Amino acid sequence: MRRRPLLGAIALAAAVTLTAAACGSDSDGGSSADGKKTITIGFQGVLSGDNQQLGLNALYGVRTAIAEVNADTSSPFQLKLVESDDGGSPDQGPTAAQKLIDDSKVVAVVGPMFSGATKASEPAYTQAGLLSVSPSATNPALTTLGFKTFYRVIAPDTVQGKAAADYVATVLQAKKVYSLDDKSEYGTGLSGALEPELKAKGVDVTHDGINPTKDYTSEATKIIAAAPDVLYYSGYYAELALLSKALKDKHFLGKIASGDGSLDPQYVAQAGAAAAEGTYLTCPCGDANTDPKAASFVASFKKVNKGAKPGTYSGEAYDATLALADVFKKLGTDVSRESVAGAFGSVNFQGITKTVAFEPSGEVKGSNVFVYQVKNGAIAVLGNTADLIKS
Amino acid sequence: MSRAGAHRSGVPGARRPRADETVPGELVVEARDLALRFGGVTSLDGVSLRQRRGEILAVIGPNGAGKTSLFNCLTGAYRPQQGSVTFWPQADRPTELVGRRPHAITRLGVARTFQNIRLFPALSALENVQIGTEVRQRYGPVGAILGLPHARRAERDGVRQALSLLDLVGLSHRTHELAASLPYGEQRRLEIARALGTGPSLLLLDEPAAGTNPAEKRDLAGLITRIAGTGVSVLLIEHDMRLVMSVATSVVVLNFGRVIAHGTPGEVQRDPAVIEAYLGVADDTGGDADGADVPAGPGAATRKDVR
Amino acid sequence: MSAPPAGQPGPGGQPGPGGAATVPLRTSGNPPGSVDASGSAGSSGSAGGPARPGWHPAVLFTPARLRQLGVLLLVGVLAAIVTGPTGNSDKPLQAAKDSIADVRIVLYLGLAVALWVVLVLGAELRGALERVSAPVRAPIGAAYGRRGGPIVLNLVLLAIAIVAPLVVSTAAQQSMVNDIGIYALLALGLNVVVGYAGLLDLGYIAFFAIGAYTTAYFTSQTAMPWHAPFVLNPFFVFPIALVLAALAGVILGAPTLRLRGDYLAIVTLGFGEIIHLVANNADNITNGARGAFGVPHLSIDLLGIDYKWGIDPLPYYYLLVVIVVGVMIAFGRLERSRIGRSWAAIREDEIAAEATGVATLRMKLLAFAIGASVSGFAGVLFASKQFFNPQSFSLQASFFVVAVVIFGGMGSRLGVVVGAVVLQGLAFYLRDKVPPADRYIYFGAVIVIMMIFRPQGLVPSRRRRREIQLAEEGIGAADSLGVAPTGGQQ
Amino acid sequence: MGFLDQFWQLTIDGLMVGSLYAVIALGYTLVYGVLQLINFAHSEVFMLGSFGGLFAARGLLPDDGSVPGGLASVGLVAVGLGVGAICGGLAAFTLERVAYRPLRRRSAPRLAYLISAIGASLFAVNLAGKEFGRQNVDLPDLFHNGTVFSFFGADVSTQSLVIFAVAVAMLIGLDRLVAGTRLGQGIRAVAQDADTAVLMGVNVERIIIVTFVIGGLLAGAGGFLYAMTFNASYSMGFVPGVKAFTAAVLGGIGNVRGAMLGGLLLGLVESYGGYLFQASYKDVIAFLVLVAILMIRPSGLLGERLGRAA
């Protein structure tokens, strides 16, 4: 009680801070000074919460693409970005989507990112006729739920699951696989696609699930006790890094493999080069960091995003944005929600992760699944699974 | 505290409890052989007592003699390690009290007040008493939310009863004031009204006169007599001997957790054991079983007194 | 709040209007403040007497005053860091350094100094402020204070609630349903537990999950692998979910309500996590992390009314307004009934309540069940409105509902609804203004500040405010969690 | 492969993690013993301590990525522990000052403390996320983590030995402190009866702050051990925080030895449980243990009082 005045002042200060903060970051420049037409696109993704990094990866990819388009003097238009955070959760999805829908200038959206948020948001996009291109939602069901304006530039889990199973069984010649998922929507989706394929090839599969944690000590003991030839982890790099460390400490003799969620330089950084060495990573994508074709992307990504390196989903988001720009270019003056949604299905754009072209369902066409391996502390591409299996 | 009378030397009185003289059907409560220990401290050591219906029985004794512990055993706040308590809500319905929860005992018809007043401070006087009058009401949340007729009727009955009880204890003028804002003496009376609201056949008053002035004490004596007059038996802990002598029909004396005397006020006053207990205790200020006077709630340690 | 007696730098140091205005205030509020701040100078002027010392630097720069300034400057630096750039682990202190080296620090430090000056002159300002605001506050206060009077105010608020969505964007409407409406309902339910019974339930969202999954079970053959053999309209699930959630509340509460208050908080927290984890892990029952897609929207086809709710948020909003108002009225009646009084008794003195015949355990259990049932009810609404997965039932959501209740004012029905509006409104406002992930920094700060300065909440219930006041003076209690952890200050 | 084959390995894993829980649990137990308050924000003290220790140790590591050995390792661990402890202590001190003391001065109701702690926790977590990034932060190896000896076919690594040894040393130190020093006497006095302690001339205010700081020191050091074993991230505190609280309750909150026992037991239960069931139910097991303990024996295995049992 005695110090109420002082504390009152702190409260006031907090209020002022809040206002100042609110005003402070209001100033992102809309630069269409040179008379070019400005086209606005939206980004919906996970920009807060535990998976924020994945959202930033994608957002930075979008920003990179936009910066490239805007720097290109031959481009007939300037792109402008509106961001919307859904926290990766279904609760926030509709509001985040609606925010972009409400902005009548937005003609297309990159996102949503997570399958859960996608399921919650797409009904609104469909109703508004606003195109949305997800860089990362891999749940196989998404293209079967009647979302008319939904496309994704990433192959569904089934594609990766099958290819990964082929690779693990044929090339790595695993007789026994320990399939571990992180109990997330993504992880269970991938392990759910992988396991039947493995079993179909006569591989002995042990399934386990573990929620993201830091303590994989006893899980490592459990894995080692099962003595698999290959451990396939369906989840994200942050957890795979810890798991790899724990396995290394306990001298795991099998091979470690994982999916696109772990294809991120941070995996090596967090696991340490020694623990990550030799890990196989499958991805229905070309990895921007390792693909020589994409060297320029990595450079401009770093330039645009204050030195940040591309991570999981950066390349996809970049491709999605450039594919949109490609459609805008073809449409010329008639860029509207209707025209973009109508034209996007027939896009054919050579991106850095793949050729962006779609089936009528909105699924990306003929995805190749690539295999990568950590070699000498860096992720290196081994090649397309189809080619690797043949050889 | 007053020890008037205890100094007077007298004829050796009956030292054994004389409750066995009563006819069982007339009893309202009977405690047999209660023992209560806290760790190594014994606060009741084989206490037995009987009270006849309509009687005003006073329990006296030096500080720490186990009076409040006895109350707490009777009302279910403590569970004695040994012994039993039989209560007759009606003459033909003996009911065991040990092992029941306090609210169940209250609903059977044993109400109490506290040595250190425990009102609901942020509720009005009326609401305090209402909580007492409503304990037997049956209506539930649905009735309350929908405002069903039986709920409304019960609500009105509760208010009417509470108002008449406030009138009985002379607090009509305070109906809508916060309990915490009442003067001390009035808080004591409000607590009695709240206890009466539960419709007791046995009312336990724990030092109702503590901290009140002589005029208030007189009023209180009148009030207690009036309450007994309505057929409610009163069990009273009190240090003020004048009050005890003026209202009590019989007296039980506790010391060191044992009953050392039992009889009419006059008999007890002359009992040498009682005199010795009071004189003896004057020397070592009775710190034998402290803490036993306060119910051991989570707040007991810091809630030394309301005032 | 009384005047810091030191400074009287008003026009000519007159004791006149300033003094006259502050003295009555002092009686209404708390014991004289700022003893700590300027104890030495305090004695002379505190009585509001005429002979106040004039403005003097020595008075201004007492150690206490300087410490005050120091604290304010620290807060200013902290504010600069909070609003400054985002850092990364490669250079852990870089972001903080950048924030402090930034020019904005001048703004914050300036603000801190300005605040300090305001504090020093605080009394006069406060007096003036009270005088200016009094004409505005008095009628509202009076209107709300009078019995029957609140009706007018409530009607005005209701009118605002009805008109408000029409003037905002659809995204805001969406937020008014998902964030404000649902949370207002949840908060009203939790208010029964926290505000009325004085218990802390940190796993409250579990009942919300039970409601949502119940809906998926009964209304769709495809949403979950585990489903009823028949399909119900979501409207019929309302009573089922209500009962199931209440039942879950009783099952959880019956053994745990005996525990000490803060243990109860932990057990409920554990329960919330168990429900969350099981929902996430039980792939064959709840569809696990993939969530339940395909719960139909609400629809009515009754008595000639045929209406279907859809993607458009507005119809859901109005349905929520009806439900929230209904629940507010219902709980108002409950609060004024014997049940509400029993809860008040339990909060204020559990032992006395028990001795007065209040079945404390049963009443707590009742509060728990009623709170749970509201949560389950809200779960049905949520599930029928949109897709959900276990993420929607995280612990953070439980914490957030608690924050809404506390912020709005425990025990106050209007308060918790206002709490939902303000906190979620703030979240909606901040989503475009600050980096989204930083929102919770402000949230945390707001909650702590609220607890320090206004523990009774934004729109406190009168009874609760009195209880807190009395409890702080050492009379009675204000919750059922046991004695305050003051370390024997009294 | 049966459970029994892995029993000893799982036991060692469980003891390692359990001793980390135990160290964090000590902070809960101390504060609870003195104030009867569950310090909900203790997990953030732990988080800040682990960042502090991690950054300090990382700053001293050689740039070439080689693993130091011998005395250098000992020094690095010591520095990490020390800086972690200091950061934890500072965090606990600040927490007490900002989030609790103003409430204590007003003797606010108990609910207010819990809420205030939740607010402080939100603030600290997200501020740390903002300042240090929201990625996991790894600490490279400070020593060669080989197998020291085998035990019924189970490998005991250097790392688990270090953790176990430090945790036990801290427990013994704390136990001595509480049982055998003047300060400890003060703490026990306040724990038993703060009112009486005041009368006997104990500076309760000081004891409270010291208790918070001791809890913070331990949590900070424990945080460093945790970061060294796993890694650090802004949201790392919550799960071990709840586990440690469970451990404290399991052993008997307010009881120093109980916290240690509870931590080890919980670590074992989780380790065995994670092996026997799907690993994703590991956390469920921890919470079930908590709920069960509170219902069956709320005073914990060793009983409650800090004053009595320490």
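Residue numbering begins at 1 within each chain, and the chains themselves are lettered A, B, C and D in the order written.
To be clear about the criterion, contacts are C-beta pairs under 8 Å (C-beta built on N, C-alpha and C of every residue); 3 or more make two chains touch, one makes a residue touch a chain.
Predicted model, so just to flag it, every value in this text is computed and none were measured.
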Chain pair with the higher count of C-beta pairs in contact (C-D, B-C): C-D
Per Cα centroids, the chain farthest from chain D: B
Core chain by centroid distance, with centroids computed from Cα atoms only: C
Geometric centre distance via CA averages, chain C-chain B, whole Å: 42
Whole-Å gap separating chain B and chain D, where each centre is the average of the chain's CA atoms: 49
Length of the line joining the C-alpha centres of chain C and chain D, rounded to whole Å: 30
Geometric centre distance via CA averages, chain C-chain A, whole Å: 36
For chain B, residues contacting two or more additional chains: 301-302
Of all residues in chain D, the ones touching two or more other chains: 102, 105-106, 134-135, 137, 193-195, 278, 280, 283
Sites on chain C at which at least two other chains make contact: 82, 260, 277, 280-281, 435, 437, 439-440, 445-446, 452, 467, 472, 474, 477, 482-483, 486, 488, 490
Sites on chain B touched by chain C in the complex: 75, 77, 101-104, 106-107, 111-112, 114, 118-123, 127, 130-132, 134-137, 139-141, 144-145, 147, 151, 154-155, 158, 178, 180, 194-195, 197-198, 295, 297-299, 301-303, 306
Residue ranges of chain C touching chain D (in the complex, touch as defined): 81-82, 86-89, 92-93, 95-96, 194, 198, 200, 255-256, 259-263, 265-267, 269-271, 273-274, 277-278, 280-281, 395, 399, 402-403, 406, 410, 435, 437-441, 443-448, 450-452, 455, 467-468, 471-472, 474, 477-479, 481-490
Residue ranges of chain D touching chain C (in the complex, touch as defined): 34-38, 51, 55, 98-99, 102-116, 118-127, 129-135, 137, 190, 193-195, 197-198, 204-205, 207-208, 238, 242, 245-246, 249, 278, 280-281, 283-284, 287-288, 290-291, 294-295, 298
Touch list for chain C against partner chain A, complex: 1, 4, 30-31, 33-37, 68, 71-72, 75-76, 79, 82-83, 104, 107-108, 111-112, 115-116, 118-119, 122, 169-171, 173-175, 178-179, 277, 280-281, 283, 288-291, 293, 311, 313, 386-389, 391-392, 428-431, 433-437, 439-440, 442, 445-446, 449, 452-453, 472
Residue ranges of chain C in contact with chain B within the complex: 260, 330-331, 333-334, 337-342, 344-345, 348-361, 366, 370, 463, 466-467, 470, 474-477, 482-483, 486, 488, 490
